[in-house]
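We just call them A, B, C and D in the order they show up, numbering each chain from 1.
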Amino acid sequence: MSKLGVWLIGARGSVATTAIVGAAAIRAGAASPRGCVSESAGFPGRLVPLTALVFGGHDVAETSLRKRAEQLGRAEVISPDLPELLASDLEAADAEIRPGHVPGAGQTAARLIDDIAGFRARHGLARVIVVNVSSTEPPVDARPEFGKLADLEARIAAGDDILPPSSLYAYAAFHAGCGYVEFTPSTGPALPALAELAALRGVPYAGRDGKTGETLVRSALAPMFADRALRVRSWSGLNLLGGGDGATLADPAARSSKRLSKDQVVAKVLGEPVEGETHIDYVPDLGEWKTAWDHVSFEGFLGVRMTLQFTWQGCDSALAAPLVLDLARLVARAHEKGRHGVLPELAYFFKSPLGTGEHSLAAQYARLRAFAEELS
Amino acid sequence: MSKLGVWLIGARGSVATTAIVGAAAIRAGAASPRGCVSESAGFPGRLVPLTALVFGGHDVAETSLRKRAEQLGRAEVISPDLPELLASDLEAADAEIRPGHVPGAGQTAARLIDDIAGFRARHGLARVIVVNVSSTEPPVDARPEFGKLADLEARIAAGDDILPPSSLYAYAAFHAGCGYVEFTPSTGPALPALAELAALRGVPYAGRDGKTGETLVRSALAPMFADRALRVRSWSGLNLLGGGDGATLADPAARSSKRLSKDQVVAKVLGEPVEGETHIDYVPDLGEWKTAWDHVSFEGFLGVRMTLQFTWQGCDSALAAPLVLDLARLVARAHEKGRHGVLPELAYFFKSPLGTGEHSLAAQYARLRAFAEELS
Amino acid sequence: MSKLGVWLIGARGSVATTAIVGAAAIRAGAASPRGCVSESAGFPGRLVPLTALVFGGHDVAETSLRKRAEQLGRAEVISPDLPELLASDLEAADAEIRPGHVPGAGQTAARLIDDIAGFRARHGLARVIVVNVSSTEPPVDARPEFGKLADLEARIAAGDDILPPSSLYAYAAFHAGCGYVEFTPSTGPALPALAELAALRGVPYAGRDGKTGETLVRSALAPMFADRALRVRSWSGLNLLGGGDGATLADPAARSSKRLSKDQVVAKVLGEPVEGETHIDYVPDLGEWKTAWDHVSFEGFLGVRMTLQFTWQGCDSALAAPLVLDLARLVARAHEKGRHGVLPELAYFFKSPLGTGEHSLAAQYARLRAFAEELS
Amino acid sequence: MSKLGVWLIGARGSVATTAIVGAAAIRAGAASPRGCVSESAGFPGRLVPLTALVFGGHDVAETSLRKRAEQLGRAEVISPDLPELLASDLEAADAEIRPGHVPGAGQTAARLIDDIAGFRARHGLARVIVVNVSSTEPPVDARPEFGKLADLEARIAAGDDILPPSSLYAYAAFHAGCGYVEFTPSTGPALPALAELAALRGVPYAGRDGKTGETLVRSALAPMFADRALRVRSWSGLNLLGGGDGATLADPAARSSKRLSKDQVVAKVLGEPVEGETHIDYVPDLGEWKTAWDHVSFEGFLGVRMTLQFTWQGCDSALAAPLVLDLARLVARAHEKGRHGVLPELAYFFKSPLGTGEHSLAAQYARLRAFAEELS
């Protein structure tokens, strides 16, 4: 059985640790693949089994995966007995985590590429997929060098540190011949120069910003209003985030990346801009949990005003981790089948899908299934 | 331009009055067709225009449509200046309302048929569609005569009053050569003997129980859980209904019709029974409005428990009326195109769709669009 | 330092186990008295310290306290490391649990009295308070013997098993010279014959039905509407209960005890009956947790209609256990100070306070503080 | 019967118009005093009857009260037939509205004083109370002249326009010998120099920021947590405001006045700062309505985490107007009884009560009743 390498940027974060623990627990028979879209009954096609994943990655943090897993056990994200039960798996993955890129610390592209290639070689892997689950970056201003690969390569060759970290990782992944998944709202592969590179290297990629909570529900509900010809008058939301994700988003610049990503779903599905804002608050007390409240005011027959409210209370890592496992395996399969460049068929997983403007959840899911069928 | 007759059972109820006022307001240029699915941008096909509908119906109540419209104006369902503005339209429709069937009052099938046929003749209509928007009936026990048309006709010929009112109206509609829409949870055309009659007379029908609030949202959200491989552990709900609908449902037997209809959506979409009940309370104070709260407990990756809650606050008549206009026109078009028997393609509009087990809103909508395309 | 005996009816249930674990954890310095009203900063008076409580009780269940604590650890009600840390305390309490009364199993009053008296003697306790935290009983029909102690004693002497279990325990407590707290909605001491007995024996008692969630919030909010002259038009609620409490309440008769208890708060505070029902559902999936949604429709200036909704998500045992510790110590102090009979000053803790019609939370709290001051 | 003058700053705004319409409707027997605290059953003392109020005021807007009332009728704040029914009362009040102060337009204090004094003289009123219900101002930086009346008068005499409008109105009111109510979050009388002036003129005043929705509920619920020794871990909120109030608050500076006012209640009642923010969004679509969602995370026995959420949907003007009528009459009575300076006894009505740090709703209400008793 051929193994698949999953190289996680932010490999010691909550999402990555949960994904690694989860895959190990499934292999050990201690958990079911609940939450993995590709493992649900009747999902078409055959992907690399969840038991055949090998993990490594980059991180600037040094806390061991075992310790991170224990923290998640105390936070009730994973069962507190898993870290001990899966100790050897966690140590093996830990041994494959390399120091992450520190912005301003000089040229690292070559080193990152070597790290990934070395991992592939050590484990004799046919394929490695790089998945970014690190902290959200602020939006990036356009630069001329982002538009053309040759210009970008020239700057990198000159030792200039011009790419945001997520894009640097995508650059390294593509150069290493790996598919890439941008699971955060960061820029990642979404630069023309990097699209050029992916084409050149024949590698596929997908993104952006994993759709795991409020936006997931929005993309399920907004089409209901549109199809029923009910006019949405305003759509407001407040997100309360604890833990790592929230802390990053305490930075207004990073938060603006995330808000842009969230706001567009409703407007895109409804085909017109809609009143109302989406707030993101960092509430450390909530730990690994997040709560979102949405308020929708809409108008029906003869102008009558009505409202829908929802409250979503979820555990971010538990929602994101199985999607990371889905995406790595789907992109690997696409790579194997010769697909390269952006994969709009994976829009179902993202708040800001690259390569498509489709935001209706059901339409995205239909496309995903067709894609899975096609790949098998 | 050919006109279409819409014959409403419960023609003086809130839903019927709102539909009649709405159609008149649209014709008068005083309202837009907000909430009419078939009038939304990009909806395929051409139906009889909303301005070409002629209304009549049966009702046991005697309050005039004008008075009922004024009540709805005070209840903020319609603008308070519409009843006066549309007085002549309301009077015209009022003149076409005939006494409804009173259970136990002896054989009335022939009279009901004559009422409908007379309406068609008076207005020179090519087609009349009968839509039941009257009060919900209790569930009906199966009887041998319901299984075969010949047996049923024999009992009716003998003067036996064995059909529940909704089924008697469907029987009359079919005999009069009219399509029929069962917009309530009542039995209506859902008896084998009546299916036989519809086939014999070459008329189409659709039903059951218009999907206008809590169940609409459920059918949009349940597929989200299923597709994401999130296991729903419990789904509970409390519906607070005022007005006419609530009053009928104060009767536990009628309420049980409605609850059966609501509960099945989640179980059908998820493919397994789910813990939790759906309560329906009559709260007269709420008037024409209804509020529903739903609580969903679900399980994600590694068994983590999460919850989704929603509150829907809507005006029942404003939600139902435009769908009545959609359905009458869609069934008329199907009739014109030679379709007869049950129309599963209209499942999108119903809590308990006849002729199909499909409960996912998006799948239902896709099928509706394909149907509309096919009819054009 | 003088110790206080706390004799729990339902000593192996979730509430009792949480109370015993909590008191032991506080003694061990492993927890703070969070949730104990009498331990909050500035609360007047001095009660027996939480570290000076000795536990025993009756229960029909045989699972050891240690095992029950481990279950609560897995259910995230208590920290999973507490059962091992506090093993000796749990074993000590376990050794003082005697078989509970089994209805229909013949005369047990004398045996129950002996059990309590033996506990007091073994530990050289000046005082024991009996607290009922067992399952809710159905409402009980009035009987002539309930009205007069002599008649009741005659029936008991004749071996007739006429008292509901909660009242039998109160009878035993009073005979043993102990104060009694009815923490459930069951009848308990609320019979004239038992009031007579409490007076005769000079013992105090309090009850009924610990106020720990939805009703707590109701009693905080209802006075807000009353004082602001806002008219509440309807107040509806749905309670979703898991665990032991919910299972008992799956029995409609027991549920009706609880609903009666809940419904009266709003009507009493507002001074008039209010539309709307309170539903209680047993949802096993929720485990030790409960969720309540309340919907209040109210009318303001010039008849404008407005609404308030709230959702309470709590852990029943964690809410009840500290109140059990408060009540045992407050009743003990009242006993010491010579109070006997019903203690209306403890209404703050109950949904259906015995001895008073006061349901406003703030008024109840003011009275509790005055009482605590008086006792010190 | 002696009449009382009510002079409204912002006399053509929604709150003022609703108050004027309401008082006229009550006088005409067309409405009850629902929402007036001082008119509720059992409220102690006797105030000037609601039928004995005479209205006037300042406003920069020129739309007539009749037209404003018609707008409120269309917005469903008042019954649409009231403006016609009460036309003569509205015209009478309209005739007593004078141009408001325009910042930067030079010295107006003398003119404002004359306007108020003229109103009193024309109607032979023993007493006039000035109530500010105009738009919220941004917070004001401290200035040395605000500290001492002599310095302030010197600057005003020199023609300097240094006071924020609300404080200028308070200044004018005090000079005219009138009591003053600051119903907005603006500075108003809360300057040492103005306290000096009120003492000198022997006039009472009260404020600040009428408590009509989210904060009202907060002040009812926060004491529940405190008294039950439950630790609030975070308290977050999102306010969606339409209409005039919202539009003003679209200005971040004005919004910050309001947020400061809202945030302090929870911290003051709980005695410690609490995590979480309160957002205020302007959502024009909501018209005269406002919706607030609050999320409270709290910790109980043994550290268990629980949550309370509430949603408040109210009509701002309908909530504020009856309190304006209460306050004018209570301050008038205090004036009559010889009280001057700040009235902390009226804290019950305000988010940021002047003269006291008491934020518990029940404690504020008890103090209000005692005050009302004392005044009678």
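Assume a residue touches a chain if its C-beta (ideal position, glycine included) is under 8 Å from a C-beta of that chain, and two chains touch if they have at least 3 such contacts.
What you are looking at is a predicted structure, and each value in this text was computed from that prediction instead of being measured.
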- Message: Along the graph of touching chains, what's the shortest path length in steps from chain A to chain C?
- Response: 1
- Message: Just to be sure I understand the contacts, which chains border both chain D and chain C?
- Response: A, B
- Task: Name whichever of B-D and A-D has more C-beta pairs touching across its two chains.
- Result: A-D
- Whole-Å distance, chain A centre to chain B centre, using C-alpha means? 43
- Give, as an integer number of Å, the spacing between the C-alpha centres of chain D and chain B. 49
- Message: Where in chain D do residues touch two or more of the other chains?
- Response: 76, 307, 309, 311, 313
- Where on chain C is chain D touching in the complex? 18, 21-22, 25, 31, 33-37, 39-41, 76-79, 82, 216-217, 220-221, 223-224, 226-231, 271, 299-304, 306-315, 318-319, 321-322, 360-363, 365-366
- Item | Contact footprint of chain A on chain C as seen in their complex | 76, 80, 311
- Task: Under the touch definition given earlier, write down the residues of chain A that touch chain D in their complex.
- Result: 233-234, 236-238, 240, 275-277, 279, 281, 283-286, 291, 293, 295, 297, 307, 309, 311, 313
